[in-house]
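Listed next: structures, encoded as structure tokens.
What follows is a pair of complexes built around chain A, which joins chain B in one and chain C in the other.
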Partner chain A sequence: MFSYYLKLGLLSIRRNPLLSALMIAAIAIGIGACMTIITVNYVMSSNPIPTKSEQLFHVQLDSWDPNQPEDDGNFEPPDQMTYIDAMALMKAQKAYRQVASNKSSLVLEPQGDDERPFSVTSRNTWADFFPMFDLRFVHGGGWDDASDRNLERVVVLSKEINERVFGGENSIGRRVRLSGMDYQVVGVLDEFHPVPKFFDVTNGAFSDPEEIYIPFNVAVEYELPRNGNTNCWKPVDGDGIEAFLNSECAWIQFWAELRDNSEKQEYMAFINAYAEQQKELGRFPRPLNNRLNDVMEWMEDQEVVEDDARVMLGLSILFLFVCLINTIGLLLAKFLGKSGDISLRRALGASRSSLFIQHMIESGLVGLAGGVLGLGLAWLGLRGIEMLFGDFVENMVSMDWVMVLTAIGLAIVSALLAGLYPTWRACSIAPAGQLKLQ
Partner chain B sequence: MLSMQNISMVYRADLVETHALREFSLEVKEGEFVSVTGPSGSGKTTFLNIAGLLEQFTDGRYELDGRDVSALTDSECSAVRNEKIGFVFQSFNLIPDLNLFDNVDVPLRYRGFNSAERKRRIEKVLETVGLASRMKHLPSQLSGGQQQRVAIARALAGEPRFLLADEPTGNLDSQMALSVMELISEINRSGTTIIMVTHDPVLAEMASRNVHILDGRVSNGDQETTAEPLLSQVATA
Partner chain C sequence: MEIGPIWRAMMRNKTGAILIALQIAVTMAIMVNAISIMQEKDRMMSRPSGLDEHNLFSIASVGFAKDFNERVTIEEDLAALRAMPGIVNAIQSNAVPLSGSGWSMGLQTEPGAEIDGTGVGLYFVDEHGLDTYGVNLLAGENFSASDVAWRERAATEWPDKTIITRAMAEAMFPDDWASALGKTVYIADTQPITITGIVEKMQGSWPGWDGFERVMLVPTHTLFGATVYLIRTEPGMRDSVMPQVEELLADRNKDRIVRSMRSMDEIRERSYRSESSMIKILTFTIVLLIAITSLGIVGLASFSVNRRTRQIGTRRALGASKLVILRYFMTENFIISLGGVLLGAALTVGLNILMIETFSLTRITWYLVPVAMLLLLAVGQIAVFGPARRASSVPPAVATRTV
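Here is the complex of A and B:
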């Protein structure tokens, strides 16, 4: 009977093209608006590294001013770490893997005479960065611990930069000149666009990942410019890089890979012991308040999905609800207009339940059509957001198959809900009266 | 086969009560062709609706095929209608965007027959009413008489025990009416019990028995009619 009901539903939609078009449009507009916002929220709140997100922990040490909050008026620990603390944790090697990193902006000088220098963003980090965050390579690999220790000027290029500088060739062993110094290429990354950019939400959860990767120690040694957020709660005691490195300024993101709960507890005990030790040295004036947040906890803590986006999501669902109210009215008009047909079918032996199913399937068909059209409108909506906000939202405005299925499913469920009352009313019609009127 | 004892039907609207049937009693035997006549508002259609289980009555007892139907649920009534009763309406009530085949198919779908059985039955009844060659036509492509033949085919497709006809020739000219009445008589001769509501005393005489309703009651008892001679008179008119 399902195929029979489908056929009847299609016939009914064709019989009243204007009314059907209005219903489909009402659902499509609601779904289009709703899915545009849901997609943005979905991407913003998605897990950027699902295979390891529960093993990767952002490390916070509360080294801050006891009398002043670091940010937003609360007394949470700072989201970045000082150089002194980051180096102490790196040296201790207490985690399975650990990386400190920061961001720079360098000038890349291509070798060809016709090529002009251009600016590139750099992530200054450690050898563990690549295996820890599951980065894949098209050529070569990351550098090793010896390169970190020996201040080797090595570089890993993003696929895009390798394409631009070396035409996509295998550039392993070739040299790249960055801000006046040569670096040897050891690896070329495959595509790497985690959304959100979880390993550095402080400097933009939705910004593009860096274009090149160089050893952190090299960046410090050669005093490469820092291109990110730096917060200090005490004035820097003196001039020069040494004074800055020994200051209470926080500018480094620190992550640890801890494979299970016992490793996490051990690491927590370690950083608390470290903090107690620092207290004895006159630092860490606040009560003990260190943190280990896994990836999704850190996204939540940092409110990667902003309140504005949540409000927009609520409004879009409300708008879908308004569209559904309209659809209910239109379906009611349509189904009550079919009272003659319904009464005839009742007389010919159709039960109320079979007519109910028939009309719910028709509602579902309207929802399906509305969902497909709504997907198109959502795509237009996302392009509109992209045009409005530019590259900043580029990574947030694409729909994956989960969102496509969600849109279709939401449209069908919405239409079925909208169809409940009109269908019930239509099936409650007394057949005798209607047959007499025909 | 059909037994109504003291059936009453009262329509209530706010302060007004309308008695459509008052202690209405009627027995119809298997294979009978009963015509029901009476002035407008006398209760003919209400009787037919109750007989066809399209309406619940207020009081009394109704047995169909030996079964008390007063306590049937809505879905049980639907099943009885589907299996035992065929309807023919004055205005044909064909579904305009379904072709003849699909129109006749409607009651068979709800009966749950497989497609081969449905096809066999549809072709057979359309053959019976002389429209087998036009089964892919839409109702709008047929004359009124042909549309009523399709409606009769639809009523017969499920091989019902009863055929309930409400003014089946009311929308037809005399020639078409005659042809439809001949078809209905033929169906009765093949064993189907027929109850036909009509205004027309000439058509009523074609039945084997006439029941006249006045003010919701049977007013003439059970009157035998002279069906065959009258049918001949109409045929020669």
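Here is the complex of A and C:
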């Protein structure tokens, strides 16, 4: 029966090409617009590290200004950490793994004389960074704790930089000159493009990951420039790097890996105890307000999905709604236009339910066609967004199979919903009245 | 007018009319709110920066060699740049207005850590700063060469003079901005700094910040390792000067790299890219939406004309002129559209209230609603004109035939 209805549906679609084209176009445009925006929102709110997102916690300590006004009684502690606190937590080693990190911009001098130096972004971090955030290597691996302790000048290169500097070959053991000092290559990363860049949303949730990784202690020791956000509630007390490191300036992102709830509770107790202890030393003047947020909680807290994107999502859903009303109207026109046919089939013994199924199948067919076409339009829409926004959204405009299935599913469901009322109307036509007229 | 019969005929087939009206209403709600968002973005983008934007460009210089002498490099770079033909003036600074990166501080009228300062964007400049930016000094005087200090990266001392924007003066001295001149205010909680000049307008680094127009200039050269030059050229010379400057700086000193050379126009474009893209996307959406709605009207009206062919023929046979038939369908659409835009006005306001609450957007300007109503009524009339004309050309003879 199904194939027969399918055939009837196709015939009917072909009989009114203009009306059918209008319907398919309306659904396609609605789906296209909607899916373009949904994709952007979906990518913005996607889980960058699904396997571990519930075990990775962003750590916030409230070391902030006692005079800071609280908006509606809820003070958000600083999103970054001071050097004193980050080092204390690193030293305590109370979490399964923990890393403090920040960002620098360095100049890389290639070996060849004719090659010009260029700037690279660097993440200054600890040995645990690599296993903790699941980074994969093409060659070598991360450095170990000893390298952190002994201020070894080691470097992990991204795949792209290894390509650019060493032509993609195994560069383990080679030297790279960074801002006037040599570093030894210990690892070359595989592709690593988490979206959002969850481990440092402060400096751009959708910016590219850093190009090289060096030990945090080395960056501090040699006073490498800090290129991320630095926030101070209190002026730095005195000149020089020592004074800065001991200041209340927050510039470090701190993450801890806690494998289960009990580890989380213990860690929370530990940082609260640390804060109490700091209070006795005259720091942490605000009430106790430390936070542990896992990856997705942190993305939400930081409002990684921009308001503009959410506004557009709302508007695009309304847009789809308009397209659906349009389709309802057109389907209604179409089905009622077929009153004669329907009456004839009814008179020849077709039951209402079989007519219902027949017309729902026809609606579904329109939806399928609209969905496929809409998918193409969504692809065009995403290219358009890429053109408008440029490289900033590069990571945001690709559709995965979830989005493709969503598009087609959404189209079919929409068309079926749109077809419900017209079908019901068509099925309740009394055959006698129609047949008489003929 | 035959409103009575039209109304009664519509009531016999309500669904089609309701669908069209609903479609027009939602279209209007989306359209007006989208236009309102566009207006808001446009207002944001069209705030004047106070700078001589079209003749400005910036280029970054990053020293990397161990023995890189930044101070000498900056002094020589500036001398070379200022001597170059086509260049009006040039400064070395920490950041470029509108660029998205920069430095902010707080200024307060009383010293003390417990007092909240007024947030302000800060640029390090020398006595050439005002001329390079092209900003207009309203009161006080420019820095002199002897005011300009050199600052290391981790330094905490501030010079004793600053020039601020009028917006900053107004924020600190709301009663009389002009009284700010000569006042001593405090930076870094306790360090006194005297306001020696007020400029009319200048924008800071972050367009989304509410303190965007609060800016202070301090007479200092920075020794931060990485620096940026801002260069003002003679009108029309910018594009020819830019490559020359890049070459000059790259060749002068091999211990540093120069990068990120951008004209102020490009910096502005990059900075407002999401706003201008949003405007384009919304414009496209509105056009598409109106197209879909009018196609829907065409489709349904055609259908209704087809269904009523016999009826129309009968009316024609009974003496109705072509014009009367045309008017019938035009009036029918007008009634439906009117219902649609009235419902639309309510939906528009409702959606706007929702958006204000959820996304803190601004309220729609009142005139958008009547304008959109008129526009959609016109769209409806245009869309229905084709089918209506087809209806009016149904020959009276149809009435005598069976279908």
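Going forward, the second predicted complex is superposed on the first by the 432 of 438 C-alpha atoms of A that agree within 3 Å, B and C clash if a C-alpha of one lies under 4 Å from a C-alpha of the other, contacts with A are read in each partner's own complex, and residues count from 1 in each chain.
Everything that follows uses one rule, which is that a contact is a pair of C-beta atoms (placed from the backbone, for glycine too) under 8 Å apart; a residue touches a chain by one contact, two chains touch by 3 or more.
Please read these numbers as outputs of a predicted model, since none were measured by experiment.
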Chain B versus chain C as contact partner of A:A269, first or second or both or neither: neither
Partner chain in contact with A:L348 - chain B first, chain C second, else both or neither: first
Contacts of A:L405 with chain B and chain C, given as first, second, both or neither: neither
First, second, both or neither for A:L288, with chain B first and chain C second: neither
Chain B or chain C, by number of chain A residues touched: C
First, second, both or neither for A:A432, with chain B first and chain C second: first
Which of chain B and chain C A:V413 touches, first, second, both or neither: neither
First, second, both or neither for A:R15, with chain B first and chain C second: first
Contacts of A:G238 with chain B and chain C, given as first, second, both or neither: second
Complex interface listing, chain A residues touching chain B: 1, 4, 11, 14-15, 340-341, 344-354, 430-432, 435-436, 438
Partner chain A, residues of chain C touching it in the complex: 15-16, 19-20, 22-23, 26-27, 29-30, 33-34, 37, 62, 64-66, 68, 113-116, 152-157, 188-191, 224-226, 257, 259, 270, 273-274, 276-278, 280-282, 285, 288-289, 292-293, 295-296, 299-300, 303-304, 306-307, 351, 355, 358-359, 361, 403
Residues of chain A that touch chain C when the two form their complex: 19, 22, 25-26, 29-30, 33, 66-67, 69, 105-107, 109, 116-119, 179-181, 223, 225, 234-241, 243-244, 307-308, 310-312, 314-316, 318-319, 321-323, 325-326, 328-330, 332-334, 336-337, 384-385, 388-390, 392, 421, 425, 437
Parts of chain B lying in touch with chain A, wherever the complex brings them together: 45, 49, 52, 54-55, 74-75, 78-79, 81-83, 87, 89, 91, 93, 95, 97-98, 106-107, 109-111, 154, 158
